[in-house]
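First the structure, then my questions, so here it is.
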Amino acid sequence: MIFQNTFKLSTSGHRDMHDITEDVNKILQKSNLKKGIVNIFNIGSTGVIGTIEFEPGLKRDLPEMLDKLLPPSRNYGHEEMWHDGNGHSHLQASTLGPSINIPFTEGNFQLGTWQQIFHLECDIKPRNRKIIVTVNGE
Amino acid sequence: MIFQNTFKLSTSGHRDMHDITEDVNKILQKSNLKKGIVNIFNIGSTGVIGTIEFEPGLKRDLPEMLDKLLPPSRNYGHEEMWHDGNGHSHLQASTLGPSINIPFTEGNFQLGTWQQIFHLECDIKPRNRKIIVTVNGE
Amino acid sequence: MIFQNTFKLSTSGHRDMHDITEDVNKILQKSNLKKGIVNIFNIGSTGVIGTIEFEPGLKRDLPEMLDKLLPPSRNYGHEEMWHDGNGHSHLQASTLGPSINIPFTEGNFQLGTWQQIFHLECDIKPRNRKIIVTVNGE
């Protein structure tokens, strides 16, 4: 069985990171499914979804590391298309990816104690994000 | 229900990038399924599948960035095994990953307007790729 | 149909890499399912699962490359939380990701000849890992 639902997320722009575990869990509970896989997907090409130990240190480290490896710059080819200065946002998001899959058993996520589901905004301005959650289970 | 199909892709070698959204969409439409998840998987360890805004600038930026972070070189351990100069191809492909999962609703992908599905060739010579598409839905 | 099972993996700590293709395949065979997707997920935020050509060279190259891009250091924000020196472990694992999805057909994985499923330990001490395998198919 497939159960699908969405939720909204307002971000403040580049480097803004949210713990979305509870938003996703609410949809999982609503599905009433007991065993399977949940896919969480950010619609759009400059947002990331993944897992991390969600604490203030790593919340700073992850976007900082991305800006070091894939730095903000006006020298990307992408700049020639839109002149909007977010070439690095696209590269960061395509590298980490827009989605994650999490298994669940007896109606609960199989995550580690210090493993949360995060959303990372890579775009340079505030965005209203739509996250789509697909529960595939029985 | 599971619907599975493949398509072929000829690449010209390292850094060659294709928009495969329409190839995947044809298989989704053929499945007649309305709601669920599509998995797109590159068979082989030197090809990448992901999402990006597919425009000429980023089509240049993404492989360029990968070659900067994980540069072509004869100094990789992999070289000792095959002496074929594609150690960086493996590292780039394992870092970005061979597959992506995309949700669909009412028979249509839930992608952003500027979000396409891409294939990136990381190997150093032209390859004939087989891409397997698995539609899991109802 | 969903078939779910787990297996254990003892790792020796940072940079330890295992070929887990056979462990996962045993669970796929036990499921008796013929067509679909297998999700393999590392529980915890400092382990990675992906695909690679599993040979001694790349087994050295991949962790070495990660340590170059995301180096061990006491200067991460994460250090302030736990003072346990594994900030880079978290960043490496969140970048590569804790899971992969592999399609199967007629009961067999659709992997390339030189494409195996690997687990990479990013944490700095030996860990007993629990890997959860979810077979979704028919």
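Labels A, B and C are assigned to the chains in the order they are written; within every chain, residues are numbered from 1.
Convention: contacts are C-beta pairs under 8 Å (C-beta built on N, C-alpha and C of every residue); 3 or more make two chains touch, one makes a residue touch a chain.
Here the structure is a predicted model, which is why all the values come from computation and not from measurement.
Chemist: Please decide if copies subunit A and subunit B contact each other with the same set of residue positions, more than half shared, or with different positions, and reply same or different.
Modeler: The interface of subunit A with subunit B is built from mostly unshared positions.
Chemist: Since subunit A and subunit C share one sequence, what rotation angle in degrees maps the C-alpha trace of one onto the other, as a multiple of 5?
Modeler: 120
Chemist: When the centre of a chain is set as the mean of its C-alpha atoms, what distance in Å lies between subunit A and subunit B?
Modeler: 20
Chemist: What parts of subunit B, by residue number, touch at least two of the other chains?
Modeler: 69, 95, 97, 101, 136, in rising order.
Chemist: Report the residues of subunit C in contact with subunit B in the complex, numbered from low to high.
Modeler: For this pair, the touching residues of subunit C are 35-37, 50-53, 55-62, 64-65, 69, 95-97, 100-103, 105, 110-112, 114-115, 136-138.
Chemist: Which residues of subunit C touch subunit A once you look at their complex with the stated criterion?
Modeler: It comes out as residues 1-2, 4, 39, 41, 43-45, 69-70, 76-81, 87, 90-91, 94-95, 97-99, 101, 132, 134, 136.
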